[in-house]
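One chain, chain A, links the two complexes that follow: it is found with chain B in the first and with chain C in the second.
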Partner chain A sequence: MTTDTPSTPLAPAGPLLARLRASLPGRILVRVLSAVVLLWAVATIVFFLQHLVPGDPALAILGGAAANPPPDAVAAVRAQYGFDQPLLVQYGHFLGGLLHGDLGDSYTMKEPVVAIIAEQIVPTLQLTAASLAIAWAIAIASTLLSAGRPGLLARIGSGLEVVLAALPDFWLGVVLLVVFAVTLRWLPVVDGGPAGLVLPALTLGVPLGGFLAQVTRDEFDAASRQPFVLSALSRGARLGDVRRRHILRHAALPGIALSGWGLGSLISGAVVVEVIFSRQGIGQVLVTAVTSQDLPLVIGVTFVVALVYVIANILTDIAAVAVDPRLRSSIGDAS
Partner chain B sequence: MSALITAENLSVAFDGTEVVHDVSLSLRPGSCLGIVGESGSGKSVTARSLLGLNGERASVTATRLEAGVDLLRATPAELRSLRGRRIGYVLQDALVSLDPLRRVGAEIAEALRVHGTPRGEREGRVHELLAAAGVPEPELRARQLPSELSGGLRQRALIAAALALDPEVLIADEPTTALDVTVQTQILSLLEASLAEGRAIILISHDLAVVERLADEVLVMKDGRVVEQGPTSQVLSRPQDPYTRRLLAAVPSARSRGSRLSDVPPLELSARDRSALRSRPAADGPLLEVEDVSKRYRGPDGRERTVVRDVSFALEAGETLGIVGESGSGKSTTAQIALGLTEPSAGRALLDGQAWSGIPERLRRPRRRRISMVPQDPLGSFDPRWDVGRIIADAIPAEEAPAGEAPSPRGGRWGRLFRGAGSRGPSERVVELLEAVGLGEGYARRHPLSLSGGQRQRVAIARALATAPEILVLDEPVSALDVSIQAQVLDLLADLQKALGTAHLFISHDLGVVHHVSDRVLVMQDGQVVEQGTADDVFFRPRHPYTRELVDALPHPTLQETA
Partner chain C sequence: MRSRPLLAPVAITAALAVLAGCGTADPSASLPPGTKKGGELVYASDREPTCLDPHNNGDMPQTYVARQYLDSLVSMKSDGSVVPWLATSWDVSKDGLTYDFHLKKGVEFTDGEPLDADAVVKNFEQIMDPATQSSTDLLYLKPYFEKARAVSEHTVRVTLKRPYSPLLTVLSQAFFGIESPKAMARGLEENCASPVGTGPFKVTEWKRNQEVVLERNDDYDSAPADAKHQGPAYLDKVTWRFLKDNTARFGALQSGKAQAIFNLPPESVPAAKADDRIDTQDFVHSGVPFALDFNTDSEQLADARVRRAVVHAADAPGIVESAYAGVFPYEGNALSTGTPDYDKTFHQPFPYDPEKAAKLLDEAGWTGRDAEGYRTKDGKTLTLRLPYASDPGETPPADLTILQNFQAMEKRAGIKVELQPQDAASMTAIKQDPDRYDVKGGYWNSPTPGVMYIKFSKETLDIDNGQNVSRDYDEELDSTLVKAAATTDPKAQQELYSTAQKILTSQAWHLPLYPVQTRLAVRSDQVAGIWVEPSEGEPVLHDAYLTRDGA
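Right, the complex of A and B next:
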C-alpha cells in the first residue's frame, strides 16, 4: 500500500488494538490500561515538577525555614526520608509505594496522605456532584423552556445563559454568601450539613450550568430542524412531547461528553469555593500543602484529582451509551 | 361520496413571502393523486398544509381547506387527532425521518401511544404493522435502531408508522427518492397494495415515472403554482402546458439517446477554448485499462470484505463507458481505482499502457492531470471560503498559469486575506473554462454557496477540465439535480465531449441516464461486473438475471413509448 491511499472507513487499524476493541471485555481492558498509564504519567510529572521547585523538603518537615532548625537535625531528616539519595532512587521508592496504595506521610501533618485525603475527599465529592446536578438542571430547564421558541423567549434564555456562564465563581460565591446567608439569613454561613451545601454548590453549578445550557441549546436547535421531528409531529404527537422525548435526547449528547471535563473543572473550582465558604475539602488541603511545600500531600491530591477525572470520563462514556444506543449496538455487532 | 381532502385557492407564505399560490385540489376516496414538480415548486409545503404542519412562521390562506375538519379553524387538539389517525404522512428522506436514537419499534409505537392505544397492546400491533409493511423478522427489526436497517427497510418502517392507525389518507412525500431502483419498485408495490385496500394516497414526487405508475390524477407544480392538472395518462401523453412538455422531454432514456434533453441551445466553443482544452491522447489504444482488479477492506471487527472483485474494462479515447449498479455494488470504489486514488488489492490499472496502480505517488502525480473527476456533491469538494475563480484556478497546472496569476503566490496570501480572493480578476484561462461550461466571467467572483445545484456542477466540470484531461470520471454527476437541470448538465457534457474528445467514465444508479449517455455499459452487482456490452444490447437484450431485474424495475411504461 502506498502512503497516500485516501482514508477509508474500513482502513485496517493496528491489528492487536483492533482485535481488543472488537469485544466488550477487550474494550474495558484497553480503557483500564490507558487509565493506568495516565495515572502513572500524572504521578511522574508531579513528582519531578515538585523537585524542580526551589526549597528544601527537610526544612518543610521541620516546620519551614522560619523555624530555623539546627543543621544536624536537618541532616537527620534528610537521611530518614532518603532525600540524600539520587532522585531516581527516590522516584523508585515513590512508585513502589504507589503500587501498594501508599502515598507516603504528609511532611506537615505527619499523617499518611491516604488518610488525610480519604477524610477530605467526601465533602469535595458531595460538592462537585451537587454542582453538576444543579448545572444539568439549569441546562435542561433553560433549554426546554426557551430553546427553539419563537420571539423574545429564546433570546432571553440564550442571553441569560451567557451571563451565567460568564460569572466568576469567586465573585458569585461572595455575592451569594452576602445575600442569602448574611442579609436574608435563609441559609447558614458555615455548616457541614445539607443546608451548608446549597450555596457552595450553586456557586460552582450556576456558571457551569450556563455553559452546558449554551451547548445543549445549540444542539437542540439543530436537532429540532431534523426531519424526524416533523415525522413525529405528523403522527399526532404534541410538540412538548416531541421536545422532551426526541429532541432533548439529541441535545444532551454534547453536554454529556463535556460533563467529564466539567467534573474536573468543578474540582479545581472547589479550591476557591472551599476557601470562601470555609468548607472542609480537598481544595483546602491542596492550598495548604502547596504553600507549605508538603510534597507527598501535593502529589497525593493531584493524583486523586486525576483519578476522579479518569472515573468521571468513564462515567460520561457510560452515560453517553445510555442516551445514544448507537454506541451500544456498535459494540454488540462487533462482539 | 364526497372528497376526503379539499383545498381551494390554497396559498402559503413564510415571513411574508408567498411560496404556494392558489392551489386547488381534491382527493376522492380510494384514489391516488400525484403531485409532480421540481425542488422549490411547493409540493411539500402544499402537502404539509393539509396536516397543519407548516410551522408557526407560515401563514396559510384558502377559500376552503378541509380534511374532515376545517383546517383553517381547527384547534391544536383537533389537528393532532387528525395527524396519524385520519391522515398518515410519510416524510421525504426516509434515511433521516426516523429518530436515530430510538428503536424502530418505539417510533411506530409512538403513533399508537399518542392516539391512546393501551401500552400492553402496542408491541404486538407494532409487529403486525411491520409485517404488513413487508419487513421480514418484525420482532427483531422493532428492537433495532434505524441505522441498523437498510434504506428500503427504513422506508417500510416509516410507512408502517404512518399506517399505524389505519388512516383513510396516506400522504407520501418522495417515498422512493434515494432508494435503489429495485427497492423503489418494492415500495411502490407496497403503496399500490395500500391503494387497493381502499386507502386514498397523495403521492409527491419529482419523478414522473413513479407518479405515472400509481396516480389516477396528476398535478404539475412549478414555482408554487399548478401549471397543469388532469388524469395522469392524459397529462403525460398529451401535455398542454409548455413546462410539462419540457419536463417530459428532459427525462433521459433509451429513446432520448443522441438528442438534446433541454431546450438550451448547444454550446458554441470558440476555436481558442477548443484548442486550449482539447484532450490530446498520447498514444493509440485504450486510454485506461483496468485488469482483474479487486479491492478488499478489513472492517473494524477484523473481518475482511471484498467490495470489488475481478473487474476488468478498457476505456477508449472519446467514448463514454457507463457503470450502472445499486448502492454498495462497488461502482465508486472502481472509480477510485480508475482515478489512482485507491490501490487495488489485486489486479492492475494502466493509463496509456503504463502502470497506473502499484506505483509510488511520485510517479503518478505528473500524469494525474490526464484524468479528472466530477463528484456527485460538488459543494463538499469546494473550499467554501474560495470564490469560483480561485476554485478553478487552483486546478490549473502551475506551469500553465501565467506568471503573476498563479493560483497561490506565496507573498499574496496576506493580501488575499484582507482584499478577498481573486481581487486581481480571473485569469484568461479561468474565463475560458467558465465559458466552456456555459457560465460567464461574472461567476468567477461568486461563492459556491450562492450558486444553484446545476451551477455548482458546472463549476465542478470546469475545474475538472482545467487540466485538459483525456478522461473525465463522473461519479453520479447528476443524481442530486432536478430533472430539468439534469437535462442541461447532460447536454453540456455531451457538447463538451463532442468538442473536446474527452473520454467519460460515467457512474450512475439511474438506468435512463446511463442509457442516454453511454456507448458501452458495465452492470455491477456486489462488486462484480455481471454484464457488459453496448448500451442497447445491455438494456434491450439483457442476458444476466440481475440486469433483467433492473430493467424490469424501471417504472416507465408509457413514458418509454411516448417520450
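Right, the complex of A and C next:
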C-alpha cells in the first residue's frame, strides 16, 4: 500500500544508521538489533535485581521459609546451580546460555523454561486479546453514543467511563464470578472453553475500556470542533456518518497509541484474573517465580513480556498508519 | 480521500457468545447401577506442588496428591500404630537399630517394574542423594538413617545410627511413598512431572497452573490394611484441579464442577453447613499447632518471666475465637489434639491473667513507661518484632487477624508488638537470621509426637537452619525425647511424651493457638467413600465412588 519511498531522515543518529534506515531490510535490521539490545538489557537488569533480593536461592529451591533442609543439602544445591561462584562468573554462564538460546531449567519446576512458557502463553494471549477487544468495544460504543452530544447524555457517558476505569480488577473479578457464575450460573465457575473466557476478559477489559473511552472522548470533543467537520456537514454528510467515519478516526489515535501499553499491562496484570478464574497463564508463573527466586523462569517470563511490548508497539504503529494516512510517510523513520 | 470502515467490527460477540450449556450434568448419570465402579471425579485443591515426586522438597501439596499414586511401606492409624501396606510385616531388633521389612509379593509398579527389596533400597538411596533436593524426608531420616540393603528378594533391612521408634509412622507418610527405580533413574526433571508408583492411580498428565490427571491403575492390588476395600479403585479417573481462589473453589463445589474440595474457606463454612448437598470432614493434623514462637536469643525474651508474661497477657482462646469465629478451636499445648500421645492436661497451661503478666514484667525489671504507655527498662521500650509473610496464601486473612489480636492484647500489658509484613524471600532470610525476629508464627505437621525433638532440641539448634525457632533447648526435655525414641513400648512412650509436653509447657517457648486442620467439603449427593488418613491428613480417593441409584 506504500508507493512513497521514505525520505532520508535528518539523522541525529549518524550516517550509518541513516543509511540503514533508508532501505526496508535496513529498517528491519535496526528494529531487530534494538530489540536484541533491549532483551539483553532486560536480562541483565533482572539478573542483578534478582541477586539483590534477600535470601538464598538454594533455600528457596529446597522449599523456602516452610522447609528445614539440613545444611549439607543446601550446600549441595548451591554447588549444583553454581550459587557458590562469584556473581560475575554466574552472569557469564547465564549470558553464555542466552547466546545459545538456552533459557535454562526452572529451579523450582525442574522443567525447561521454554517448555513452561510455551504451555502458559496461549491462554494469556487469548485473555489479553479478548480483553483488548472488549475494551475497544466499550470505548467506541461509549464515544459514539455520548461524546460531543449536548447535555445529560455526554455527562452520563463520561461519568460511566470514570466509574469503569476506576473499578479494581480483583474486586470486579470476584463480583462477576459470584453474580454470573456462582449465583446465576450463566457461565462456568471454572474452565468451560470459550464461555470460560467471558468473565476473565470482562474483568480486565472493562476498566481498560473505561480508560480508553475517556481518552478517546477528549480527543473526540476536540476533533468535533475542527473545520473539516463543518465542511463535511455542509457537503450534506449525515452527522452520524461524520461522527463515525471522520471524527472517530481522529479521536482513536491516542487510544491506539495507548493500546500498546495496554496490551503489556494486561499481560502483567493478568495474574489477578488468572487466580480468581483459575486459568493457566504466565502471570501466575511470573509471580510464583519471583517469590521463589526462580531466576531462569523470571528472566524467561520477563523476556516474553518485553517481547510483547515490542510487538505491541509495532502493531500500534501499523494500526495508527491504517487509521491516519498522514503518518504513512513518516512512520518508521523516527523510532 | 475515500473513507473506509474504521477498525474491523469489534468482537462484541466474544462477550455475548455461549451463554448456554453451563448446567452441570450429574457425573454419575450414565454409570451402570448396582456397582461402585466407574466415573470421573473432580477434586479441587488450593495449592499446587512444584514437583510431583514427594521425595523432592517435601511440601504439603506434594504429599496430598502423591497419596493417590504412591503406596508407602506401612499405613498409620490415628492412635499412632501402623498397619501393613507394601510391607506385610516387619521385625525390629531389640536395640531398635535394625528394621526388617517383608514386602508384599507380586506387586508391580505401573511401568511394569517389580516391587522388590532392591526397588525399596533405591528409594532410600534416591532420598539421601543430594541431587533429589529433599527437605522433609532428610529432616526425618538424616540424623538416624545408616543404610538400607536387600537381604532377600522381598526383605529390606534398614539400619539406623541410633534408635528411632517414630520411624514407622514417619515412613507411613506419602512423603516416603515408594517409587519405581526405573522411573527415578530418569532424573528429577522427568520424575517430577510423572512419578511412577504402585498406587491406585497413575499420573497421566500435568497441566501446570491447572490440573493433574490421574487414571485408575487397573492392576492395583496393594491397598493398605486399613483401606475400605482391596483391589483397584472405583473411579476411572480423577482430575486433581488447582483452584487457588477461595470463592472459585467453593463455587466449583456448589455448582457441581468439583465433587470435593480441599481447604473449605473458613468464610464459606456456614454456607457449606447450610447446604444439605455438602458434607464437611474436619481433620486435625498431628504435630505442633499454629503457634507464635519466642526467640530466646532476643534480649527481652531470654528472660522466661517475660515469655510467661506475654503468654498470660494474651487471651489466647479469645484471639482464636475472634479470628476464626469458632471454626477452628483453641489449642494451647505444644502438641495438637490429633497427635498420638497428646496429653490434655496441658490444653491451656497459661490462662489469661493480666495481673500475673504485670507482676512478671515488674519482676523482670520492665517497670518504666514511655510516652505511649509501653513498658521500659533502662530507657528501652519493651518491643517485640513479629515478621510475617505478606502473601495471603501464606498468611490468610484470619491468621492476620490473629496477629493483630495478639498485638492488641499485648499492648494492654504494655508490650509493643511490631507486625512486619515481609515478602517470601525475606521470610526465608529472616528464618535463618535470629537477629531479625523476636516472635514468629508457624506450625509443624508431623505424624509423631517426636516432632517436639525436631523443633525444640539441642541437636536441631546446632543444625542452625532456623528449625529450632525458639533457639533454646532443655537437657531434661532432650533426654526424655531420646528415651521415647529408644523404646517401642507404647505405654512407656506415652509417659515419656507426656513428661515432654510438661517440660515444654513450663519453658514458655511459644504461644500455641490452634491446631492445623484439613477441611474437606464433599458433594454428598454425588460422591461417597473419601476418607482422610491420619499421618499428614492426606485425602484417600482409592475408596471413593460416585453415588448412583442402586449403589
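Definition applied: the second predicted complex is superposed on the first by the 288 of 335 C-alpha atoms of A that agree within 3 Å, B and C clash if a C-alpha of one lies under 4 Å from a C-alpha of the other, contacts with A are read in each partner's own complex, and residues count from 1 in each chain.
Following the convention adopted for this analysis, a residue touches a chain if its C-beta (ideal position, glycine included) is under 8 Å from a C-beta of that chain, and two chains touch if they have at least 3 such contacts.
Keep in mind it's a predicted model, so treat the numbers as computed, not measured.
Of the two partner chains, both chain B and chain C are touched by A:323. Once chain A of one complex is fitted onto chain A of the other, the partner contacts of A:249 extend to both chain B and chain C. For chain A, the partner that touches more of its residues is C, with chain B and chain C as the two candidates. Of the two partner chains placed by the overlay, neither chain B nor chain C lies in contact with A:34. Look at A:69: by the touch rule set out above, it reaches chain C but stays clear of chain B. By the document's definition of touching, of the two partners only chain B reaches A:236; chain C does not. Overlap of the chain B and chain C contact sets on chain A: residues 245-246, 249, 323, 325.
Those residues of chain A that touch chain B in the complex are listed here as 1-6, 8, 10-13, 15, 18-19, 21-22, 150, 226-228, 230-238, 241, 245-246, 249-250, 323-326, 329, 333-334.
Put simply, chain C touches chain A in their complex at residues 1, 3, 5-7, 10-12, 14-15, 17-19, 21-23, 50-51, 56-59, 130-131, 133-136, 138-139, 142, 188-189, 192-193, 207-210, 241-245, 247-248, 251-252, 254-255, 257, 389, 391, 423-432, 463-467. Every residue of chain A that touches chain C in the complex is listed here, in rising order: 53-56, 59-74, 76-77, 80, 105, 108-111, 116, 119-120, 130, 133-134, 136-137, 140, 174, 177-178, 181-182, 185-195, 197-198, 201-202, 244-246, 248-249, 252, 274-281, 284-285, 291-293, 323, 325. Within the complex, the chain B residues that touch chain A are 48, 51, 53, 56-57, 80-85, 88-89, 91-93, 96-103, 107, 110-111, 114-115, 144-145, 147-148, 158, 161-162, 164, 297-302, 305, 336, 341-343, 360-361.
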